[in-house]
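What follows is a set of structures for review.
Next come two complexes, and both contain subunit A; in the first it sits with subunit B, in the second with subunit C.
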Partner chain A sequence: MNRTLLSIRELSVRYSTPDGIVPAVNDFSLDLQAGECVGIVGESGAGKSQSFLAVMGLLPGNATVGGTATLGSESLLGCGIDALNRLRGARIAMIFQDPMTSLTPHMRVGEQIAESLVLHKGLSQTDAMARALDLLQQVQVTDARRRLHQYPHELSGGMRQRVMIAVALACDPEVLIADEPTTALDVTVQAQILSLLAELKRERRMGLVLVTHDLGVVAGVADRVLVMYGGRVVESGAVGEMLVSPRHPYTRALLRSMPRIDDDRTAPLTAIPGQPPSPAKLPSGCAFHPRCAGADAACRDQLPAMLEGRTRAACHHPEGAS
Partner chain B sequence: MTDNAHRGFWGDAWRRLARNRAAIIAAIVILLVTLVAFAGPAFSPHAFDAIDWDNMAVAPGGPNDHWLGTDRLGRDLYVRTLQGVQISLQIGLLATLVSLCIGVAWGATAGYLGGKIDEVMMRIVDVLYSLPYIFIVIILSTLFDRGNVYVLFLAIGAVGWLTMARIVRGQTMSLRRREFIEAAVAGGVSTPAILLRHIVPNVVGPVIIYATLTIPQMILFESFLSFLGLGVQEPQASLGSLINEGAQEMESAAWLLLVPASFLVTLLTCFNFLGDGLRDALDPRDR
Partner chain C sequence: MNLLELQNLKVWFDVREGWRGRRALRAVDGVDLVLREGEALGIVGESGCGKSTLARAVLRLVPATTGRILWLGRAIEATSVAEMRPLRRGLQIVFQDPLASLDPRMTVGEIVAEPLRVHAPELDRAARRAAVVDMLARVGLPAESVNRYPHEFSGGQCQRIGIARAMVLRPKLLVCDEPVSALDVSIQAQIVNLLLELKREFGTSILFVSHNLAVVRRLCERVLVLYLGKPMELAETDDLYARPRHPYTRALLDAVPLPDPALQPARLNATLGGELPSPLAPPSGCVFRTRCPRAIDACASTVPEMREFADQSSGQARSIACLRAEEF
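Coming up: the complex of A and B.
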């Protein structure tokens, strides 16, 4: 029943900069099943966006990508630009953080949706526009027939993000990568967009990757969560386990820093001390050790291995270990 | 820049242009002069190269139907000047169009692809910049048939695209990392299609401005070449060649210089005003 759509193995991203090689992502692996939503959580600079920009071939020229990423039987990394262009937009699509700037300003909304249909499905312009109208209705854009002929600046932020989703979904991709899809939107619109994404995922049995820094977003939609820190996955597991009893101190700290409606509301929110590390100056050993209360000599010196358990955690002293 | 709600970029630009009285007047004058230049000669009984043996070097306003007088050979100055305006305008537009096409294609490609390709392409531009313009044109004018000014100006357009290429490259580089380009790349749109559909329409503003300012440059350049005797050849006339002839007689027959010169000055001034107006309208940040 479960079919692996996207398989990422030991992905690494390195930037060569004037200051030397900067590792942005290390040893990132993920299997995405059909109809599954995986949330990728982490602070800025944790490498969560970088991993998927790498998969989509969107990194700038000074980045080197290692590892493998396969979509079904097709390799996404190092397959050449033409092969990649046949896959992206058609079978794997991406939506971006800022719907204000992600739509081409001088093109009508309908044309932007139709563009990929003409490109990948070989539809005529007329058929593509008819399909674009259909898609706008699917993403619940009100008054879709009129919106089709409007320019992006005539739409509100939430409306534009819906259009972005329509563009991404135009060719019925198997995998949709949403890179902070709701960060630029206000809270009520966030909820609408998230439930729309969840609904579309269910209907189409799509694989959905939700990159976010907001655990609340993940809690509502994701089936599985990967927490990233300093370019590495530090903990992964089912969303229930991760939110209720995480094992990695970083995940626990993240949760403690967030208000929860079902919790003791008198308990203080604790910020994580210190700053997230810059990828250029990662601490030795476990990258989280300078900010971790339970760190000892082993944490400073050795990179922790992934330990199996209720969740998989990369920590020398995971919660719940004997 | 495009976020002015419910009006759109072009609507806004149009409103700003309409408020600029100098630019609107300039545009109307250019239209009028163009209209007169192409329709006007039909109203005169004379042809541009016909010699009137009875009226040689007569001043304007004389008791004949040479409204603006005649030159030393008895050719009607009214018809010849309008003929000259026609040729100057056509040449200005043609050369600008050629430089526009090459410049936009070159600049957008270099700016979008970046890296080594960009380096090589822009170094070629630098080298061409450093060659003396007039030298190239003189060589070209000896290669081509001297009478054929259109071929010559096709060639001038082909070396006049350098600044356009630099402007477009700069604009493209600033667009390249914008999210909507990234979104198009993520959608599997090929590089040529991104250039054509997502980049070039976004650089249209600066391109229009620069093109409007290039037209008078090209007209002036044509006049300069014709003045040197390299451009339009007799009996054809351009504004430059007429001014050249007029300058030789300015002490005895000043109208031969003043009539074509005033047309040239009017056109150049108007194009410059229009170009300035367009720049303010399309790029309000630069005010």
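Coming up: the complex of A and C.
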């Protein structure tokens, strides 16, 4: 039953800057199945967005991408712009954090949705507009017929994000990458958008990648979670294990530092000391060691290998190991 | 004496519409509030609910349209800029964007010393410098920070500088406008803990504006919920989170994602529909009725007043602006 849609192997992203080579992503691998949602969690500079911008061929000119990424039998990396343009928007689509800057301000909403249908599916403008209306209704835009002829600035933030999802879904992609899709939205609208994404994933058996910094966002939608730190995946596993009994000290610390609305509010929050590292100045060994309470000499000197267990954790001393 | 008291405070903005039309945008529309000394009060709600405008009006950064602002019993809603200046020593603010709220051409030492230069001119250079280094140490920054510039610091450290600048005058009231929203998750907890320590150590009152309900719960003793400029519910923190009584408070709490895969998928299915109506054309009657799952006909015609109740469990006073408050 399981069908791998997107397969990423040993992906790396390096930037050449005036200050030298900056590694943004190292050794990132992921297999995304049909009907599965994988949550990618990390703080700023962890490399979570960079990994998927690389897959979509959206990185600036000074970035070098290594490794492989395949969508079915098609290679996404180094396949040339024409081949990439046939896949992007048709079989793999991406939505972004800020729906205002990602929609074209001078095009009506309907035209933006119809554009990819005309381009990829060869629909006539009339048919494409009819389908656009259909899509707007599917993403639960109220008053859809009127919205077709409106410009992005006439819509609210939540409405714009729905339009962006409609644009992404126009050609029935197998894979949807959502990069912080709800970070700019209010909690009530965030819940609406997340519930919509979960529903679309179920109905279309789409592969969904949900990039976020919020473990709560992941909990409602994702089946699996990858936690990134300093450009690497430090832990991955099923959402039940990852949010309930993670093994990597960073995942554990991240969970503890997040206040919940149902915890003991008088207990002090366990903050993680220090700050997330900049990719330009990564610590030696395990990148988390300067902030880790259990770090020793091995952590400082050697990059930890991925250890199998309840979850896969890249740590010299994972929880649950003897 | 109450530190701060708001009486029917309204802040309306004049918005141009069409060729010559003008309309009032009611950002804050009738808020009554008492802030006690040493208390932390949270103001929550979705964007556009007027929470930042309310905080700014308290500091006279935006003018109040009508209503009264009493600071230590004295009306300050109409005082002149010159009369206001000595009072500002007791009223300080921390902003959301930590880097944008620091002057990039001033060193950290100059930034934190500036309030002292303005409000405590009797201090000489050495005394000022000592106070600055002392305050920086208190917020967790090394003494050598004084000669560095804001861009050399991370977001979390810049927020510490902003807090040091506000606290160096030992204000009675610290207004925090979304102070942790721009920070990474692991850094948010550091700043929340710092604010809790400062509050305990100096007895500072805090007016804490945030859309993050979990952070507000940690920091504040009481919480005011706003919707389209109107107060919906005001209660002790424990009462509000354990027993939300206004339908909007309930919807807001249900929408907060919990990092718990056993609970969260079901919570997502019970989400509040619709979006915030335009503040230029608020609904008649109760402003929340267009999204309220419990609205009845009367909600469209009657504006609900804030009415006081005793919490059924703690017995503490709480106010609810809902026609059906008795039923929930």
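Here is the rule we use: the second predicted complex is superposed on the first by the 314 of 322 C-alpha atoms of A that agree within 3 Å, B and C clash if a C-alpha of one lies under 4 Å from a C-alpha of the other, contacts with A are read in each partner's own complex, and residues count from 1 in each chain.
Everything that follows uses one rule, which is that a contact is a pair of C-beta atoms (placed from the backbone, for glycine too) under 8 Å apart; a residue touches a chain by one contact, two chains touch by 3 or more.
Bear in mind that the values here come from a model prediction, so they are computed numbers and not experimental data.
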Is this a clash or a fit when subunit B and subunit C both end up on subunit A? fit
First, second, both or neither for A:Ser7, with subunit B first and subunit C second: neither
Touching A:Pro268 in the superposition: subunit B (first), subunit C (second), both, neither? second
Once both structures are overlaid, the C-alpha centre of subunit A sees subunit B and subunit C separated by an angle, to the nearest 10 degrees, of 80
Is A:Leu87 touching the first partner subunit B, the second partner subunit C, both, or neither of them? first
Touching A:Glu115, do we find subunit B (first), subunit C (second), both, or neither? first
For subunit A, which side has the bigger count of touched residues, subunit B or subunit C? C
Which holds for A:Ala219: it touches subunit B only (first), subunit C only (second), both, or neither? second
If you take every C-alpha pair with one atom in subunit B and one in subunit C, what is the shortest distance in Å after superposing? 8
Between subunit B and subunit C, which residues of subunit A are contacted by each of them? none
Within the complex, subunit A is touched by subunit B residues 2-6, 8-9, 114-115, 178-180, 182-191, 193, 197-198, 201-202
Within their complex, state which residues of subunit A touch subunit B. 56-58, 61, 81-82, 84-90, 93-98, 100-107, 115-116, 119-120, 151, 153-154, 164, 167-168
Going by the contact rule set out above, which residues of subunit A touch subunit C in the complex? 43-44, 156, 158-159, 186-192, 194-195, 198, 213-221, 239-240, 243-244, 253-255, 257-262, 265, 268-273, 275-276, 291
In the complex, subunit C touches subunit A at residues 46-47, 154, 156-157, 184-190, 192-193, 196, 211, 213-215, 217-218, 237-238, 241, 251-265, 267-269, 271-273, 275-276
